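So that you can tell them apart, the chains are marked A, B, C and D in the order they are listed, and the count of residues begins at 1 in each.
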């Protein structure tokens, strides 16, 4: 039995090291022993490594969330990432924020099943998200609550960032409950929601106009400008995306748009995505991080990892490992500090304009 | 050799009939011979049948388009469906409209390949969408053109429906070229774009504010109200979705929201989707039409077909067959007639409010 | 409105040409107008072009079929490809041949549905393949028939190629029905079934030993040798794969094994696959044709096309177009001529050994 | 802020409980906190629970492995499951055993990357499996070694179970290294490989005939009979499948075939699969466990869990958790005891015939 023949220099440097099962191993140890296996297991381990590197660099870290992650039980994991500043700025679909609000308000989603008589569910007024159920009357009550909240604000146009901050503060003061919206409000982490019109939050906002025609006005174009200015005012940026969708593109767009007005911006320095879509159908959710490079969304030498997996399976392991590797980034990182005062946002003390593009000095 | 034993009544009524190859067969004949095979082939054939049924009923037919369908070569097929009124109302991602505008303005996308050095593309300022290339400088020129166009409008907030109609008219008068935007403007087919902030059209709008701080204001919440009122003013509705994404949910949301204010609305009567996502990750794009029923998005007895396929493969065959089965629906259907006059929309002569929900009389 | 700016030489040569809908268009015309669109639609059009090129070259064309294609209604399309010699040698899963035998014997598969109470189906003795049903008692009858047939053969070990040829001949003489097995027997097209032990044909063979302990002996290793010798005796080879699985690898393995013993063999010259699996999980079905090149399965300059689609959707369009483009290859190609006489196979008059590797002279 | 309204009895019993991140949590604790989230995360947690139940019941537990799991770094995890008797009988593709042999013989697979010039790899004689590399000359050496080993055996037909046991014993005595083949040989855990002809082990066997025409004869039909008799001699059976493919169907087929001859057999009592394929294309790998029920492959009341994930991502977490929950099943379970003596297999002392079906007494 001979050992391996002489290595070929470029391609055969690092041997696959089979994963060894160890009873009692913690999440970090499991993930670290996956670093030299193959396929998506290796990619998840590489994601852990990459996120650690991001936390050591001076960066504004964007997190995008799409898919039914909060109805599906990841809302407190995401709130944890916000609270402890594993991330600095959130971009979300409306649905993820809506289902977070639902639980912050004391309601629940329920463990259901995918194979069920949906006509019966409809009669019972139960809404289904794959294997998860919720009560339609509670959703209608949320919509009315959102309408009332929106109508209680000064009647003018709000960016989603401003509106969602006010929403988070109100939820926090009314309930004191943990969640994405409340964690972000407490930590002054901005939230952008580019497709708010395609969600129940948008529906609630539209109902606000019944209460007051001047209510429920949202300035989504202002979000574009402000988010690009966040990029140009940051020492560097990173993109972490769970699930693709509008958040993925919006985070990349902020970088492209910033570069347009500020030559020093050069694309995100790090990119990490956990998606289930494949690239070969041409959709944005499944597009590769290499493709993002062709657009200048990522820096030419950006470090990047893509994991093809359901986030409900990948994030619990990844976040548990990361919480062990880097216990509380707030105390260890050079955390970018946002302050939110109505329509005005500042980053590390300097204003981030929402009405026009201004290169940072 | 005996024939089949006596049939079991409920499950074994219709035998699979193997597809027979016939040289020279037209698209309709191919698709009709796929009706009694299995899997996604059968589903595409059923989609053809279902669309024909929609065209015989009195309906407002929504078409949602997501994914890079127009960069990918389907823009004139979609324009054909609009022009001949196989569909009545469009809901689109911003990207699909942007890439349509790009070609209407006389530019091109290019046949590329997925395996390429993206860093080199970036240096060459070529943007990649999977296997398709485009020139970044032409995109930047589009953005400026959109900014200029937006700044030329009266400075006030526009729903995407109003803005996109004006955009289509301007493109038509400037170029006379065929495309989705121009076909919709000519036919007064409304277009909604709920996630316009997540697209290059949104970027162009944001740049308009440099030219005029009062320009580039978009009222996406108004779109929610108006689209729901379109549903409640329609004799019935159908949903056709290519690719999922925000258009899929927005079309369903319009029905749910309409029902909230008008008890006679009861969900879409027909639903047809061609998507590549699987349902088991919980995302909206892959969600089944049965799941949509639990939410009341579809009528309890809605006819529905879901096809799991890339639209670039499925639509050419489906649209070619449909154009043969139902040659020019404009002349055969009871076509719902929209008229667009600035912020006001009428359907079959009655106004469709965009500022509040009103049940139809 | 200006035209496109000056082209960049390498990447921007060929513009995407949007698909135009034409009523009455035949399959070939539909597919040819898909050649300059994007994504999987373009790939299917390229597959059509590639298959035409194969038919003009001097080649032995292998066809691999996996997945429930014959239960799913493609068996007569595949028989058409065999009969008219669009392909020359078949590699199949056992299930595809078994379900073909089922219909050749006058039984049926039935149009079912995927969402059904499977416990009830089990009580009714109905077997389900996704949306397709069949009767369990008819399957049990097939198994007995196969056992009886196998026991009627001279008791010795048979390669699957020899056994399946005898099976096809028996079915043809008993029924005269069209099918894959009968078309292949009539045209002396060899069929290999490397995983015959994982199928109901294997179960039937195992039951033959109850009738005669010397019956039901299959020499799958002989198939490996013979198929590699087919490659080394061919002027050149091509691989067409529907669905991946064991046929995909077996066809590639034949080429690798042939090269081992015959330096003139240099991998398949053409490769075409229509699969639904993605490459990023590391499985063989989803592996790319580029990966196959690293193994020497394909010639370094092999022409290749991969389509990500369900074959029930893609093959009807592709085969219809091909039957129009190249009406009857038997009369136009330099068809490799197999003769089968028991365990002996000849190709163009020279023997193809099944017991040892022999380079062709 | 009100609490949830009164529950609806049937559907809303168990609330989703969001996953909470805990630094230092071990794999078991992570997985247990995923039990009340949604989608594939919940399914993996349910798989953990189900496997624990299997280990408490009196069962023969089959494990099927397909896809490049051993090249991809899971071989020692699978060996661990065999050694500690989390499973009792293995069904594998040939490739998984071949890549295990490769490392047992002291060679390696290497950490590679998917985006690489495959033509260059071919020139360098490096074979690629997605993101993993290996040396072609070492593979050729393995093939010769297998040929030599096969030629050293008494010249007669071997079932794969007998051949693979002898192979494992030889590897163990020559190398003493851990691996799947050696762990199974040491523990007398039978291995079946129904598609051995579609693998490099098959290629090695075919080369054995050059050394001795009587060598390299494999009786895959005998495997069918013996595996069915294992089922009928077991107190009950369970099926665990990683990756689908021929092992998935072979394990189910054993149950169906056993039932045919022994009315007391009633399908597997437990079924657990971790696959990446979706059901809607009709292929066997993606088929649901419900579909398996219609065929009688599973008991009508079988407990079952299906996880849609890459095994390289799911198994490390699952096996680590299981090793913590049930530390060493050998000492806790009523382990079914196999003994292998040449072509004869016994289970708990009674013979398992390989040449005919015999109901257990």
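One rule holds for everything that comes next: contacts are C-beta pairs under 8 Å (C-beta built on N, C-alpha and C of every residue); 3 or more make two chains touch, one makes a residue touch a chain.
Quick caveat: nothing in here was measured; it's all calculated off a predicted structure.
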item	value
Chain pair with more C-beta contacts, A-B versus B-C	B-C
Farthest chain (mean CA position) relative to subunit A	C
Length of the line joining the C-alpha centres of subunit A and subunit C, rounded to whole Å	45
Rounded Å distance, subunit A centre to subunit B centre (Cα mean)	27
Mean-CA-position distance for subunit C and subunit B (Å)	37
Residue numbers of subunit D (touch at least two other chains)	38-40, 68, 71-72, 115, 121, 126, 129-132, 278, 280-282, 290, 308, 310, 312
Residue numbers on subunit A that touch subunit C, as the complex places them	38-40, 115, 278, 280-282, 308
In the complex with subunit A, residue positions of subunit D that touch it	1-5, 8, 11-27, 30, 33-34, 36-44, 68, 71-77, 80-81, 103, 105-112, 115-116, 121, 124, 126, 129-133, 135, 137-138, 174-175, 290, 307-317, 319-320, 323-324, 327
Contacting residues of subunit D [partner subunit C, same complex]	66-68, 71-72, 95, 114, 118-119, 121-122, 126-132, 136, 140, 143, 157, 194-200, 202-203, 205-207, 209-210, 213, 216-221, 223-225, 228, 243, 245-246, 249-250, 253, 256-257, 260, 276-285, 287, 290-291, 293-296, 300, 310, 312, 355-357
